[in-house]
């Protein structure tokens, strides 16, 4: 027994597997790196033909992302020399900054709606999942399937009556409306995921707590919740990613006030054509928070994605 | 008694004065497409803010999403926009569904005359029903489809000689669509400055209105008509006339022979990208891009020229673009919004508007003697504005447009069926729409 | 530690009585916990669904609030089921669904198996591979239109580099025969990691002892793979397919940004068609019927599938 295991792959096997996986990862990474790189190109370099791999990096894309600009006459430009580095970038193109763009607002909307709906759906989902896991509820399986089935409806199909409902209730284009909507959509995911996690927590822990004199509710908050923390965190990430990336409802139900970033970013246009560096800059910034989350919690992601529906 | 009277009057005056005082500090939102002219309008509007004390906010949506977003906003009774620079085709819906405020009383009161504007823009942007003096907008931005070409390539002596040998005439601005196709064929696949270049960038976009705004430039000039001039909504034999079929076939031939690979879903911005990156000799696009092309470091100045859509065998028209500015009926700041229109309609503001990168439709601006030579493209603009024609502006324009997008894209880009089948299908689709609306 | 009176009393009391005295009854907790979820789903899913059913029998148009709403029976349904174009969008959806599932399952499983060989640094590379699925499909779809441009995009040049073909000789989203594959490629690029992660979880759930036992029985690696690995991962795989299947049946954002449904109607998936009817043509009644037909289809297929999944799980 010198640490040898029959199931341990040989070193050649590992080596080949490593090369293949890394090869795939590099290919899969290319579009993302291209987005990152395009964010630092000038608009001429971004649409260069053939595409440019090496280029002089510039922050033009980021400046364009955050500002609106107008073209000015050379006389005006001479009379108003640039004060800051970003004004200089714009100035060099014969334009001046007219004001901030809508990107900041849209980004904040994504934050508010994403976190708001994640909190609500995880909160409600945890309660429901616990009840489904521990209690005999009439028609339990039907209810669970009903909850899952709400996710099967194409968003566009539900959007018709929701559009009418929101119009009548004055919820169109509001943060409240979008938070409620995303919460409802995410509930199926959060209930199913969390039920799986809570099922895995042995009932004996609660029984012991009850014998120790805890109430059911205390047993839930003091024993089950801490045990399920990993699962709750993983669920939260999935809900957040959904809400963060959602497009169909956002494009149909929001406009000026509550519009999130996904419908906004593809529509960033600059001076004439689509401003690819600005689009890429927006995509990069939009992706970063989710990437950080993913990397921080990558261990739990793997566990979380089994959706609790399949037992080991 | 008298005292009480005065007191009551004072109270009344105070009550009446209050909303007026509020109105003086209104925060107005103007909705339009996100493009160069919109940024120019932001600058221009600072004058309005300074003069009236109102604050202007702007909501600009890029073209491919503009109609979707804004019609959605209007249909949901949204209060986001106080002023809407809506596309010309929305005027029927805006008027009939009650989205827009009728402007006739206001025009009369303020002495704004539609006679001061280019007649085609008044019909196109302001009137509903068409050709009646019922105004729902003030012409705000005059626009039309035209062409941009690489003047520097056209003036290469070698290319000129080769072209002359091949086609028996000089390489220059085309007078007919057939000539335009010859030029595009000539440049397609040619090696210039070490790069393969292509003939023309044309509109082919599927999702919103792109290919329709492009193909009509060929259809009109080959004899396509929207309806029987003597009998409204009579489509058979006009929409799918022999000329119309030939026009559609021409557009497909142009797409097949002379466009860059991958240009199957292109609209304004993709065409600009292709042109600015030096891929194409010719570019079809709305005139709004011309100031930007002229100022471009790579293709601007002497390198580019501009011309109006060339004639066809059966007519000489160009697709109208552009918009009027309307007051949204759901707005809570209608008075201030009207004030904005009043300010905007002043001749000196209109002159500044064109100078700043807008495009005034006011006759005093475009008929000024020095206007044609002020820029390299003003002449082409004037020629184009004289031959404009627009798509349906019916309340159901969206359904009509989607059918056309579908039928035309299927034939021109996907190559399914024949031109005759496509237009016959279009007649059937449009008939269904008008029947659903109870117009037939 | 637990020296308080309450704890003493609690310990002395039988558990069931303790629960009744100190807190809410089990039944009450169960209902309080479940009710908000059910209520929200009723308000935002079931009520709209019922409304849609009602609208589907009318000629209502949401952009003509003042027009009279007429009950027209099943005419909307007849029109939809008799419309050849809608069957074309169904075909486009089926093509997309089938090939994305096949590719994602094959590549996803293969990757998971390779990662499970536990080479050095496999955690890091797993995280990198997962990144695309974290992106917003709308933003990605939009950017891929740029990558797919034959002259200025990256995709054709990479293909050209590997195959030696001329990069401008083909156009992924403009060609009728390539466009359906263009959307399959992007979806596969994005969502293969999803299938991979679930497979990996499946692979890691297999106890080593089973392989050790098989090794004792001198079963070949190949045989172990087919008799142990595949059957044990199958339920996980089927679950991944269920979720991907439902998601891709509903596919809207990615494709609408990529191709807008073109060229012609080649990539007009049902959701894109439905969106045009509902929110561009504003034929609310008609599109409600369309929505119901879609919902019944997904629901039916998913129910059958879940039954099969449960059978596999029981084995």
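Letters are used for the chains, namely A, B and C, taken in the order the chains are written, and counting of residues starts over at 1 for each.
Keep in mind that, in the parts below, a contact is a pair of C-beta atoms (placed from the backbone, for glycine too) under 8 Å apart; a residue touches a chain by one contact, two chains touch by 3 or more.
Remember, predicted model here, so these are calculated numbers, not experimental data.
**Q** With chains as vertices and touches as edges, which is it: line, ring, star, complete or other?
**A** complete
**Q** Using the touch rule from the top, point out the two chains with the most contacting C-beta pairs.
**A** Chain pair with the maximum contact count: A-C.
**Q** Of all chains present, which has the mean Cα position farthest from that of subunit B?
**A** Farthest from subunit B by mean C-alpha position: C.
**Q** So, what's the distance in Å between the C-alpha centres of subunit C and subunit A?
**A** Their C-alpha centroids are separated by 16 Å.
**Q** Hey, how far is the Cα centre of subunit B from the one of subunit C, in Å?
**A** Chain centroid spacing, subunit B to subunit C, equals 40 Å.
**Q** Express in whole angstrom the distance between the two chain centres, defined as the mean CA positions of subunit A and subunit B.
**A** Chain centroid spacing, subunit A to subunit B, equals 37 Å.
**Q** Among the residues of subunit B, pick out those that touch two or more other chains and give their numbers.
**A** Residues 68, 72, 77, 273, 277, 279.
**Q** If you look at subunit C, which of its residues touch at least two other chains?
**A** 62, 151-153, 279
**Q** Which positions in subunit A touch two or more other chains at once?
**A** 47-49, 163, 167, 251-252, 263
**Q** Which bits of subunit A are touching subunit C when the two form their complex?
**A** 5-9, 13-15, 17-18, 20-22, 24-25, 28-32, 34-35, 38, 46-51, 124-125, 127-128, 130-132, 134-135, 137, 143, 145-147, 149-165, 167, 180-181, 183-184, 187, 191, 207, 210-218, 220, 241, 244-245, 247-248, 251-252, 261-263, 265-266, 276, 279-280, 282-283, 286-287, 290-291, 294-295, 298, 301-303, 305-307, 309-312
**Q** Which of the residues in subunit B come into contact with subunit C in the complex?
**A** Listed in rising order, the residues are 68, 71-72, 75, 77, 93, 97-98, 196, 205-208, 260-265, 273-274, 277, 279, 395-396, 398-399, 402, 406, 409-411, 413-416.
**Q** So in the complex, which bits of subunit A are touching subunit B?
**A** Contact set of subunit A toward subunit B: 44, 47-49, 68-71, 94, 98-99, 163, 166-167, 172-173, 251-252, 255-257, 263, 267-269, 271-274.
**Q** In their shared complex, at which residues does subunit C touch subunit A?
**A** The touching residues are 2, 6-7, 9-11, 13, 15, 18-19, 22-24, 26-27, 29-34, 36-38, 40-41, 43-45, 47-49, 51-52, 55, 62, 107, 111, 114-115, 117-123, 125-132, 134-144, 146-147, 151-154, 157-158, 167, 189, 193-194, 197-198, 200-202, 204-205, 208, 211-212, 215, 235-236, 239, 243, 246, 249-250, 252-253, 257, 270-271, 274-275, 278-279, 284, 287-288, 290-292, 294-295, 298-299, 302, 306, 313.
**Q** Considering the complex alone, what residue numbers of subunit B touch subunit A?
**A** Residues of subunit B touching subunit A: 29, 31, 34-36, 39-40, 42-43, 59, 61-65, 68-69, 72-73, 76-78, 80-81, 195, 268-270, 272-273, 276-279, 289, 291-293, 295-298, 356-357.
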